[in-house]
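The same subunit A turns up in both complexes below, where it pairs with subunit B and then with subunit C.
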Partner chain A sequence: MKLSDRIQDDVVILEPTGKIMGGPDASLLHDKLYEYIEKNMKRVVIDLAQVDWMNSTGLGILISGYTTLRNSNGELKLANVTDKIQSLLTITKLVTVFETHDSVEDAIKSFDS
Partner chain B sequence: MDKPQVKGNTITIPSNAKFLTDVDEFIEGQLRDWGTADSVIADIAISVSELVNNAIVHGNKASPDGVVTVSIRRSGDTVTIDVADEGGGFNPAEIDDPLKDENLLKEVGRGIFIVESLMDKVDVRVEGRGTTISISKAIA
Partner chain C sequence: MDAELVQTLLHFVVGGFLVFLAITVVRDNIGSRLNRATGGILLFAGLGPLALAMSSIMQQPAPGAGGSAMYNLYHVWELLFPTLVVFSWYFPVDRLREFRHPRFRYLVFIPQVIHLILVLFFSDIDALLETVSASESQGGFSGALMRPFAYVLQILLLFIGYILSNQLVIFGSINLLYVVVAVYFLESGRRLQTNPRLVPQTEALVWAVRLGLGLYVIGLLGGLVAGGLITEGVRSLIYLTAAAVGTVFIVYAIVRHQFLDVRLVFRQSLIYTITSALLVGLYIVVGVRASEFTRPLFGERAEIVSYILIILLLLLFQPISNWIDGAVRSMFMRTRSDHRNIIERFSRDIISVFDPKELRRKIEDTMKTAMLVEKVYFVLYDDDVGEYAIMPSDDYGRRTIIRRDDMMLRGINLLDRPTSYNSLEDYAEGSQLAETLTELRVKLILPMKDTEHLLGFLALTSKVAGYRFSPEDYNLLGVLSNQMVSALTNARLYVDSLERIRLQEEVTMARQIQLDLLPSHPPKMPCSVICALSEPSRTVGGDFYDFIQVDGRKQVGIVIADASGKGMPAALLIAQIQAIIHSEVNNGNSIAMMLRNMNRQIALSTSAEKYVTLFYGELDRETGEFEYANAGHNYPVLVRASGEVELLEVGGPVIGAFPYMEYESTKVKLNDGDVVFFFTDGLSEAMDEQGVEYGEERIRSFVRDNRHMEPEELMKCILEDVRAFDPSTPPQDDTTIVTLKMTGAGAVIDEKHVQDFR
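Here is the complex of A and B:
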């Protein structure tokens, strides 16, 4: 997995690429997420467009970020969820937890609505 | 052992999550050679990554001396993958239900549930030297 990050309209956009399966690669996403949380950047969108698949380790990182942000009055949203990841969110019932958007722009706009 | 070893249809890795990608490349490469659809490859690859993670963390207790062995075979249209560790095994019935409201936000504990959801068959065998989990799925 590779990871890029940027800030758009005061929202942190994290863009992982590849597979999120555990090991050092998965730590990248976790560490970058918490790096921004520690800087008090609490509006985060994870763009999943380029993620081939993730396993329960990846889901655990998303949940960790979601709960940490929620507990500090922040929000984590998902954008461009691929069919494979949507299927995983559905079978694990996490589809009821995460707010998802069809594009990063939609996710950013939703913070102000 | 300090690096992965491939022998025929088997890859053996040191008990360290940094070698997950080696297992993934080995399994996905074999499935691609058999003309497996991308969606099915992803289901199998996700499942194998879950089992190898579990084998490292729970089976071998992250011992640097442990190894995890993964083998793949095809019988007709069905692929079977064995993931073997050196631990004492577990009872799938004792794992908390990850779909219960009180477990929904737990960061761990849904790996085996995902494997059972994505694969056609899951079989756990505790043997003399460790635990082997066999997973099967039709690829055509």
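Here is the complex of A and C:
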């Protein structure tokens, strides 16, 4: 997994590419999140458009990211969820927990409403 | 040859050789006081016989009253006694450190120097007395003025005369006392010395001094008691023998035990000198006397025969000297101090040692016996603490961890060859390590470095008995350090592999525990057939299934679960889940409540990214009613006898991700011929080479198409199908399957069958 990040309208956009499979991926995402939390930027959208595969460990990384933000009064939303990840979220019934949006823009807008 | 000539020759040869030896010993390492002292002993021992030989050659008159100065010069040999005493203060234990004023050690020379002055300048005491009385009897003013002085002088001369006439007793006793003192110091020093190389050196020297002492006593007593029997000439011969015997032992100590730490070249050349001198001497004697031997046998032709004999001997010279050369070399090859030998022995010794402690002991042993280093300290990277540390050894009782940012450690890290500790002065400031090393009197640092890392270093003190590190020693230490690096690396790899084997054994044990936790066989029920299998991708897995007999109820619990991640962490999580399920089921809680409690416990006790997907259902053996809740697990497939497919998806989120989650359960009625297929994602996510997943869709159709099969067969077939799709071995993920097929709901239940499935 590679991870790039940018800021759009005061919202942090994280863009992982490749497979989210655990191992070093976990600390990569974690460190990035903590970096922004320290800057008091706690509204984060993970753009999953470029993620072609994710296993149970990868899902664990998203869960812990979500928890981390929640614990510091932030919020994590997902955008451009692929079918595979969507079905993973459905099966695990985490769709009820994760807020998903069809596009990054939608996700950003949803913070304001 | 007459006796006098032989005696002169002997004096000359022995004296000459001793002086030669003295010069070479001092020249070998002029900076070492030990070499200078030994050289002094040999020199004085040699000068005596030489003086005798010279006086004999120069046809000087006999000794005693009116004896020549050249003859009396032979008393210089007595200086070897004080030199011997001084030597015994250096070796084998340096006692001068305890002296407050080391310079005073030269005071021991006073008696012998006085004796020498007396015999040189006052040997003709009667003549001196006459001169003094002559000046006394002079008349006039000056004579009157001189008279008291002359009187004092006369008394002094008489006293000196008395001393000289009893010199044998007086100075002989002093010399004897000196030898006894020297033997005492050498002997007690030998007891204190533990270095295995110094002990034989000292022993050889003690023997040299003892034998010399014995012969000296014989000569002395002979002169005193049986003065008539043992003449001056015989006595000097006895002393000569003492000197020769002492020398032989010193040469033996040098050659065999590397006394004075002399270089190999020097020791070999010493042997060559001795053997060639003997050989050439023999040749000269044979050459000169050849015609004498041959005349009685060959008469007239004796001269020709003797020429032939000499030519033959000359032809043999080369082979004989070659043979001597070979013999000398092979003798040195056996000695422990030869550099090639040290390297060869060292690598043989350490190649098979994998225990780090034992390895350190061997290295220490080599440093002490072969290199004569007094003390050896190890500073090594300690894997246990992840820092460099001074390791405990014979010379250092505890383990001292060195700070990572220690300046001296950084300085040593830059080294790649043996380096004198003094040259590292720049790094000493504020360094705890430098303080310790200075306190331990470290003289040399021997870094042990592989291609990039400093494994550690040896800190060596000076050599024993004040010997010094030579450039050859530095080279040798460099080679040895390379061997130590590979030995230490090997030992570490070995320890690692042992650790791996131990871990492997633990994992195997864990696997056994995990297998024991799985039901040994599925419950046998009249209403249904259940089959199950679980294949971990590693030794232990994060999947599990279980059947639970609910106490006092007619339901059977079926659980299948999959922990996130793989291997040991997943297995531990699974064990926790299993324990919770069993206690929850027996607490009589509803399925939804059970999952809620379980979720809360796991979520609060593990980190967020650890979770479990779990399906739990209870089958009523009488009615075929199946109540279940699905906590984020892959939907089990229910294929009705008709071929209709339903998914068991009601429940809630995965267990352990978020603490406060709600779960619901639902009921389905299972009928004859219905098949429920439970699986984990190891089956659905099996992937072919193009990265396409086997997928849930494929599983559903496979089960639907083969629902007529017996559960056992169905499982076998689908597993074969999946393995054909994804042939990777071992499988990428843990795979678990449970198949339930209804055979006749509502049938009479044989309780016995139900009870024994665990």
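FYI, the second predicted complex is superposed on the first by the 111 of 113 C-alpha atoms of A that agree within 3 Å, B and C clash if a C-alpha of one lies under 4 Å from a C-alpha of the other, contacts with A are read in each partner's own complex, and residues count from 1 in each chain.
The definition used in the following text is that a contact is a pair of C-beta atoms (placed from the backbone, for glycine too) under 8 Å apart; a residue touches a chain by one contact, two chains touch by 3 or more.
Nothing here was measured: the structure is a model prediction, and the numbers come from that model.
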{"item": "Touched partner set for A:I63, first subunit B, second subunit C, both or neither", "value": "both"}
{"item": "Subunit B versus subunit C as contact partner of A:M21, first or second or both or neither", "value": "first"}
{"item": "Touched partner set for A:N55, first subunit B, second subunit C, both or neither", "value": "both"}
{"item": "First (subunit B), second (subunit C), both or neither touched by A:T92", "value": "both"}
{"item": "Partner, of subunit C and subunit B, that touches more residues belonging to subunit A", "value": "B"}
{"item": "Contacts on subunit A seen with subunit B and repeated with subunit C across the two complexes", "value": "22, 53, 55-57, 59-61, 63-64, 66-67, 91-94, 96-97"}
{"item": "List of subunit A residues in touch with subunit C within their complex", "value": "22, 26, 53, 55-57, 59-61, 63-64, 66-68, 91-94, 96-97"}
{"item": "Residue ranges of subunit C in contact with subunit A within the complex", "value": "562, 564-565, 607-611, 613, 630-635, 649, 651-654, 657-658, 681, 685, 691, 733"}
{"item": "Subunit B residues touching subunit A - in the complex, by the definition given at the top", "value": "16-21, 24, 39, 42, 45-46, 49-50, 53, 98-99, 104-111, 113-114, 117"}
{"item": "In the complex with subunit B, residue positions of subunit A that touch it", "value": "19, 21-25, 52-57, 59-61, 63-64, 66-67, 83-84, 88, 91-94, 96-97"}
